[in-house]
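Two complexes come next, and they have one chain in common, chain A, joined by chain B in the first and chain C in the second.
Let's look at the complex of A and B:
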């Protein structure tokens, strides 16, 4: 029990994942700033942001809405993200082998933050949040199918093993999955999926600032918004970590290989950052057809290639 | 199912830099109806102008708008000079046109950046604004100010552009051309920008004529109206340039027109700089001792379209009546055509595509009661309210 609590709250759960996620958030902002000829924030800026919201700013409750759901939603988001981080990071750090079929559990846990945001948005009673919530719902419909195809591809590549530990072991003993044509295709599709999961441009329409002023998060302030930030930090770490685990042979924590592990995560985050800085926001309709048609097509091609052993 | 949601854009909203209120009545994501309220920015400039001398009015109208701060003095100068009936020197004409075109350059760049920002493409935003800086540096070099240049006066301009400054200006323009190529390429060739802006917020040529739209908004729909050609003033008849038009009438066409107009502006500036070299230095104004009785119409092509100033003079040192019409005043009305039936995402970029400028537009606001249709307050009541408030404040002290 105590060990489980430690896993959940300290390592590799809440504290660890959120801290690394905050640094990745700084990395993302700094790269963005450099691309845009700006200086960028100091290293600790994500922490300042978080603690200012948590400790200094007051939480204002919307008058028309359901306060209980509105306040619980961010907490659900953090719990969902933390649980997912435990299941993803334990096998990655070779602490616990997890259980058979944990990849599917991870898939479901990763959708919890998105659903919590929708619940919170709809509970706030704000029309802009409602528009944002409906957009997030449509977006989930768009990318979840594609994401499950990616996971199916990984499972096929790993001879029908459903657990992350075996997937990492297989890659470390052989070659990383990304070292084949189908692996590269799956990597591209997965990058776009997590771009949408993280609601980064071009898929940031649920919170489109210049259209619906942060949409789903418009009514959040203070500590409640700090919780959402926390969930976002965690997601910014564990989604790239999941890609590293599924396609790039996970982490090897012996000596100089630690640096290599860090570079892998930073590389994936860098790809996300560059995509978000070289594209305008697309419309929700375009996003759905992008995933439903093009990304699904690429994923299916990858599956066929895997069936032929490529 | 006919219940519509009200999506407010304003009074303060990240989409617009100025206070205004657009009410989008939406069914799901589709905009079914649009209404707007302006009047948050009313400053009583026309009335204020009547209490200033002609020399002072230039500084006042320059402050109507921060971005197109030369177009208003330009139109006012044209109006007053029509009353006076004196031709200004060619050197002053060239300098006026240079200032006007530099302003168009930086205003269009500003719009391109903002349009990128509205689409969530912040890289374009930052790049466009970075490239805008050298243009503002030219302004600082020749006028002393980055904005609100105070260059105009009745009968000419206040400061000369000396021959020694011309090579430096030319160098900035040469550098800028490369950056403009880069930016134009980035916007015109990006498939995602095409997907977001093509076929969005279409205004047909007939719509533009019906709503009397002006400037790039009209030119993007294939209507070649440009005050610089239609009612030539300053040095525009003296140089070679063409009116840029596009046919599609959508947001992309508006961006295209603005981006290509930047090249025309550079060409005009270069020709004016050549023209300046032929004229005698220091010959920048004619002496105007009095403004006779009469009326004058002044028009100028601002970056957003036609600016119109109407001045009535009674022979005294200040205008008896000064009427201003800014381009956004007519362009805003086209939103009924461009936004209804679009999704919210498309409507917001359509709103931004005419480059609306509310502080230019706002002259007078009257509030009506929704049910009875009566004016909520007339002038007398407003004055009484003002007196009452002032007395309250005095009493509290």
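Let's look at the complex of A and C:
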């Protein structure tokens, strides 16, 4: 019991994932600043933001709408993100528990934050939040199918093994999955899915700042918004970590290899940041057809290639 | 100085309220966020929703219709909120002070923490004003 609680709250759950995620969020902002020839925020900026929201600011409840649901939604988001982080990071750090890291469980846990944002947005009673919520829902419909195709591809590559432990071991004994044509295709598709899951530009229409003024988060302030930030930090770490586990042979924690593991995660985040900085926001319809037609097509091609053993 | 106020100082999120301005002040405010002046160095971000704001920047002359909006925006902001009046219009009314629709200046309507005069103030002056605001709050 105590061990499970430790896993959930400290390592590799809430505290660890959120700290790393906060640093990654700083990395993302710093790279953005460098791309735009700016200096960028200081290293501890995400922590200042989080603690300011948590400790200093007042939390305002909506008068029209459901205050209880409005407050519960960010907490659900944090719980969902933390559970997913535990289930992804335990196999990654090769900590042996009874759970082997079933990919489908992880897949479902990863959708909890997005759904909680929608619930919170709809409970706030703000029309712009409702617009954001409906966009997020459509976005989920778009990318979820593609994401499950990626996961199916990984499972096929690993001879029908569903658990992350075996997937990582297979790659570490052989070559990483990204070292084949189908692996590269899956990687491209997975990067775009993650971009949409994190709601980064070009898929940030649920929280389009200049258009519907932060959309789903428009009514959140103070501690409730801090919880949302926390969930976002965690997601920013575990989604790249999941890609590293699925396609880039996971972490190897012996000696100098730790540096290599860190570089892999940073590399994936760098790719996300560069995509975010070089693209404009697309319309929701374009995003859906992008995933439904093009990304699904690439994923299916990858699946066919895998069936032929490429 | 406590941990709380330190975090607050290090992460000021700005919401921009433009009254009946001639748009020069708006441009200078946006200028502060461009690569040349880069306010994100200090953790200052421009946010889209007043619920996330720590600083309310008000510029332009406040006429009778703006007054209601400004009050509403101010009441919707989560406390603590700092108010900065930018430009001659925001501080005193400037050339509009005698106009018949004029309802300001800003400090008659809501409490103001800092005044940044100028028509329009230079970005450096805005940054200097915000630094002073941060150090005094």
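Annotations for the structure displayed:
Simple rule for what comes next: the second predicted complex is superposed on the first by the 305 of 310 C-alpha atoms of A that agree within 3 Å, B and C clash if a C-alpha of one lies under 4 Å from a C-alpha of the other, contacts with A are read in each partner's own complex, and residues count from 1 in each chain.
Heads up, the rule we're going with is that a contact is a pair of C-beta atoms (placed from the backbone, for glycine too) under 8 Å apart; a residue touches a chain by one contact, two chains touch by 3 or more.
Since this is a predicted model, take the numbers as computed values, not measurements.
Contacts of A:134 after superposition on the shared chain: chain B is touched, whereas chain C is not.
Once chain A of one complex is fitted onto chain A of the other, the partner contacts of A:225 are limited to chain C, with no touch recorded for chain B. In the superposed pair of complexes, A:37 makes contact with chain B and with chain C alike.
After overlaying the two complexes on the shared chain, residue contacts for A:303 are found with neither chain B nor chain C. Looking at the shared chain after the overlay, A:277 reaches chain B, while chain C stays out of its contact range.
In the superposition on chain A, contact is made by A:55 with chain C only, not with chain B.
Chain A uses residues 36-38, 209-210, 213 to touch chain B in one structure and chain C in the other. Within the complex formed with chain B, the residues of chain A that make contact are 32, 35-38, 127-128, 130-131, 134-135, 201-202, 204-205, 208-213, 277-286. Residues 29, 33, 36-42, 44-45, 47-49, 51-52, 55-60, 209-210, 213-214, 217-222, 225 of chain A are the ones touching chain C in the complex.
Interface residues of chain C, counted against chain A in their complex, comprise 3-8, 10-11, 35, 38, 40-41, 43, 47-49, 51-52, 54, 76, 78-80. Taken in their complex, chain B has these residues touching chain A: 5-7, 13-15, 26, 28-29, 116-127, 130, 190, 192-193, 195-196, 343-346, 348.
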